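Please see the structure below; I have some questions.
Order as written gives the chain letters A, B, C and D; numbering starts at 1 within each chain.
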Amino acid sequence: MRHWHWLIEWDTPTLGHIKAIKRVVYSGRSKYQDIIVIETYEYGLALVLDGKTQSTEFDEFIYHEALVHPAMILHGAPRKVLILGGGEGATLREVLKYGSVERAVMVDIDEEVIRVCREHMRFMNEGVFEDKRVSLVIGDALDYVFNTNEAFDVIIADLSDPIVEGPSYKLYTREFYSRVGEILSPNGVFVTQATSPTNTPETHAVIYSTARSVFPKTTYYHIFIPSFEALWGFVITSKTLDPRGLDPERVDEALARHGVKTRFYDSIAHIHMFSVPRNLREFIERESRVSTFDNPVYMPA
Amino acid sequence: MRHWHWLIEWDTPTLGHIKAIKRVVYSGRSKYQDIIVIETYEYGLALVLDGKTQSTEFDEFIYHEALVHPAMILHGAPRKVLILGGGEGATLREVLKYGSVERAVMVDIDEEVIRVCREHMRFMNEGVFEDKRVSLVIGDALDYVFNTNEAFDVIIADLSDPIVEGPSYKLYTREFYSRVGEILSPNGVFVTQATSPTNTPETHAVIYSTARSVFPKTTYYHIFIPSFEALWGFVITSKTLDPRGLDPERVDEALARHGVKTRFYDSIAHIHMFSVPRNLREFIERESRVSTFDNPVYMPA
Amino acid sequence: MRHWHWLIEWDTPTLGHIKAIKRVVYSGRSKYQDIIVIETYEYGLALVLDGKTQSTEFDEFIYHEALVHPAMILHGAPRKVLILGGGEGATLREVLKYGSVERAVMVDIDEEVIRVCREHMRFMNEGVFEDKRVSLVIGDALDYVFNTNEAFDVIIADLSDPIVEGPSYKLYTREFYSRVGEILSPNGVFVTQATSPTNTPETHAVIYSTARSVFPKTTYYHIFIPSFEALWGFVITSKTLDPRGLDPERVDEALARHGVKTRFYDSIAHIHMFSVPRNLREFIERESRVSTFDNPVYMPA
Amino acid sequence: MRHWHWLIEWDTPTLGHIKAIKRVVYSGRSKYQDIIVIETYEYGLALVLDGKTQSTEFDEFIYHEALVHPAMILHGAPRKVLILGGGEGATLREVLKYGSVERAVMVDIDEEVIRVCREHMRFMNEGVFEDKRVSLVIGDALDYVFNTNEAFDVIIADLSDPIVEGPSYKLYTREFYSRVGEILSPNGVFVTQATSPTNTPETHAVIYSTARSVFPKTTYYHIFIPSFEALWGFVITSKTLDPRGLDPERVDEALARHGVKTRFYDSIAHIHMFSVPRNLREFIERESRVSTFDNPVYMPA
């Protein structure tokens, strides 16, 4: 049999990834984006938004563990957590693994993505939206952050990339990060997905330099996501705690103390992610541009 | 302009990478393989053998530094180095950076690859084949290793993958590794490329378990190669020195002492590569098959 | 925007057609095949079975008019018509345009294709299945033809291609055509789709030589179908009427007399289809193999 | 083996043809265009200019016979022939088959295409450039036509398509056709390739309506070219002879009289090409725009 149904994900007009589609599980369009759920041969079910793979059955645990756990463990005992985006529910799933969490607010603009994932990708959200600690807000993360006066111990930005005219680019600016700083509790930690340091290194570096212009103790870390066929980047920061000051040897101990089970993340994975090779370090740290409301930095289209 | 000339690299029949070809610099066929040199948009010049990208102008330094330097530094003061494969010349280039090296033997079966790279990809081999320390042998690495009685401080296997009926699969077997052990000097170090731990995890794991069946101090390490859009794996071993015993903090010092300049590799990159996240560690260490002449383990075709 | 959702239709492993998918309207699998209905950019809605475009909104009229009208007009006054296959309903739609038709039996094995087309591609079958002259049989065309003892004026084979181990190859054999001859009325006409004379010229030629081995007055004709990006072939035959004996000038008159409106087919289109250039004529007429139950001729896989 | 080297020819950003490349025979760039000669699996050697297949070993005879012979036979006894474009040499090859031809001038702007075809695609031009009747001019067809005062019996425009900012769009305008009329001998015939009536129907129709605005006896004809996977269109015209007035039955006789051997073209092929089905006829004849120097009509980019 020759495969005839394909997803081509473009990094640029001259570079892409091609995956055969075994089955279309769901296909539709919300107010904000094209949504398809497909079954792939290598990665099982995959959620694809506007042609970009967001999460797959095979490896979503890597992305979600990498996004959530360093921030939770850096804080130490988070009680209140705010998730911006995260429609699949898996970021919430990781957050709820911590017994210390008393309240988790998740703000996502696209109700349809949540509905589709609850129906077709239950492995990412089984039970989480029914958890009594959870408060789900359908709305714009920007509005929520500027209008709330609640303080959070950990804030996690699990957002779409800052593309031109996209819904998210303001959520990667100095103004936004300043406001995030205001609603973080004194030892609060903020982490954001920060695009791919290899596919869009400039965007990644600007997110880092923007966060650093607000929070002095900022750093970045990276992990390879098989279904993205790329390194993925994160930026983590706090007003008081230095992410580089966390002794990685203590990660295993902290996970055990919280009773958190992981498949990817542990002390060694933490060391791996936070040890960025020389060429990438030099590239990222050379960047000095700061993204602002008036002068945002976009991903190349 | 719509791009019309493409390279599609297949990981499997249902998963691939698609790159536009800007220009064909060379196209031909040797006794052993299809050889093309193309100019790409993202990675500059690329050597592609039988449809697989081997090295690109943009990022070959990552692969070659990752392959060569941990072994050289683990040994400490290598005088005699044997390279199996490595037709582009860049492995040799990295080896020759060490002033301690007095003799470097490179054995490659495909003279045509060497000729094409010397003509079209000089950035990988400028001057190296003219270096008086170098002895170039055109021939089968298997024959060379079984027939030489010279001892080497470092042996580097920069070979094509162990595919069914390919020319290389015997170079990933217990018999071959046993013979490598016999021609290593007492503190000699052996390192081999070990396929991608994410694309072909079973093959990678078997190479590790095969080496471990011969050398007790074996380990594996990984690095992301942008133009491969994948993690790449290596297996490193020695009869006497434990690769895990090397204090990574000393890598920078050792590079400085040898006067070796690198772009990617340093102490932090070393830590990164040797710190393999939990899920991959568990997968690799679970493998117990050993590849032998009679019962070789191949890469899935 | 870069398109990311694609259909690749393969003629061979080294030749294909690539179409962007705007929207997946339906995706499923029947007992017999993968069924998808997609919206394309150039051709509107398209029914795709096992990765092969069957009919599109933009140009299905060409195929269906070419299949049906030459046979209907050659007969002159068909009262009873048998359609084998034709699940979309458009072959039936063309047949029912003739006021002379009193009874049209359609036999298709895949009820699911009919259901999907009735729900999602109504432009091909609006009202036809409700027409009182129509009798729809869900079943195997082979069984139907061997078991009926009814005589038909026109028999139309609108079947899937004769692929190895496919459900249809017996419907292109001498035995089948002999039986078709037995259930044709004295001036009855038989027409079958006959694969592409340019993509699969040998298969096309064997269908012709097989029909000719049963019916002496057989001929072939061709038309270009834009969404197939290929010529398509048909074989038409009768026990008594010579398809080449039909004066094409009379086609317009006959269509007018029957009150049949067409978009593609008329006297000039008839001349076009039945005038096959020299190279194709010579290729087709050189073929002497005959497909039989015991020794079927398949399409290259 | 999975094929990894591909040509994708785009009709639109959402529709294309994909062919595996077996071997790159030549790759380069002239002052005007990218030139590659590849070996394909289905069509043998192919000349590809700026990503568009121009001619293949397998089926170039169809295009070149269709372009040349109707015009030559309509004239009856051409002595002087002018070819505009036609770098491969195959149009010239067909023209030189007529013993009546005393002088054939070929004007092509791209010397490099001619050189590459003479070296790598000899089947299209063996001996033709050495023929004493031939005069080869490297230059712009527009300049040549406006500057010559020689009269020609047949003028053949074998040019690249009229794309925006391309070198050819002026060669499809009323002004150009008017000048062509001035250098045609009294019974002279002009024929031009006229793009694909199915891929770019508007462009095809405008070429026809432009020619018709100058020459009252103009018509169009079409043929399927397998390697283009499309119908191809031509426009033929004369000041005095009606192309529709040529009795196709006389084509075979005329070919025999001139001693011209063909593989595709004969009386029946002539009928086929000039009998255009209703939907295409109606589309083409509805067009009234005329392309001019000031207001040219381009192909959609």
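The rule is short, and it goes like this: a contact is a pair of C-beta atoms (placed from the backbone, for glycine too) under 8 Å apart; a residue touches a chain by one contact, two chains touch by 3 or more.
Please read all numbers here as calculations on a predicted model, not as lab measurements.
Comparing the CA-atom centres of all chains against that of subunit B, the greatest distance is found for C.
Computed from the mean C-alpha positions, the centre of subunit B lies at a distance of 52 Å from the centre of subunit D.
Centre-to-centre separation of subunit B and subunit C, using mean CA positions: 56 Å.
The distance from the centre of subunit A to the centre of subunit B, each centre being the mean of the chain's C-alpha atoms, comes to 34 Å.
Residues of subunit C in contact with two or more other chains: 3, 8, 13.
Applying the touch definition to every pair of chains gives A-B, A-C, B-D, C-D. In the complex of the two chains, the subunit B residues touching subunit A come out as 3, 8, 11-20, 22, 40-42, 61-62, 198, 223-224, 226, 229-231, 262-266, 268-269, 271-272, 275-279, 281.
Those residues of subunit A that touch subunit C in the complex are listed here as 2-10, 13, 23-24, 27, 29, 36, 48, 51-52.
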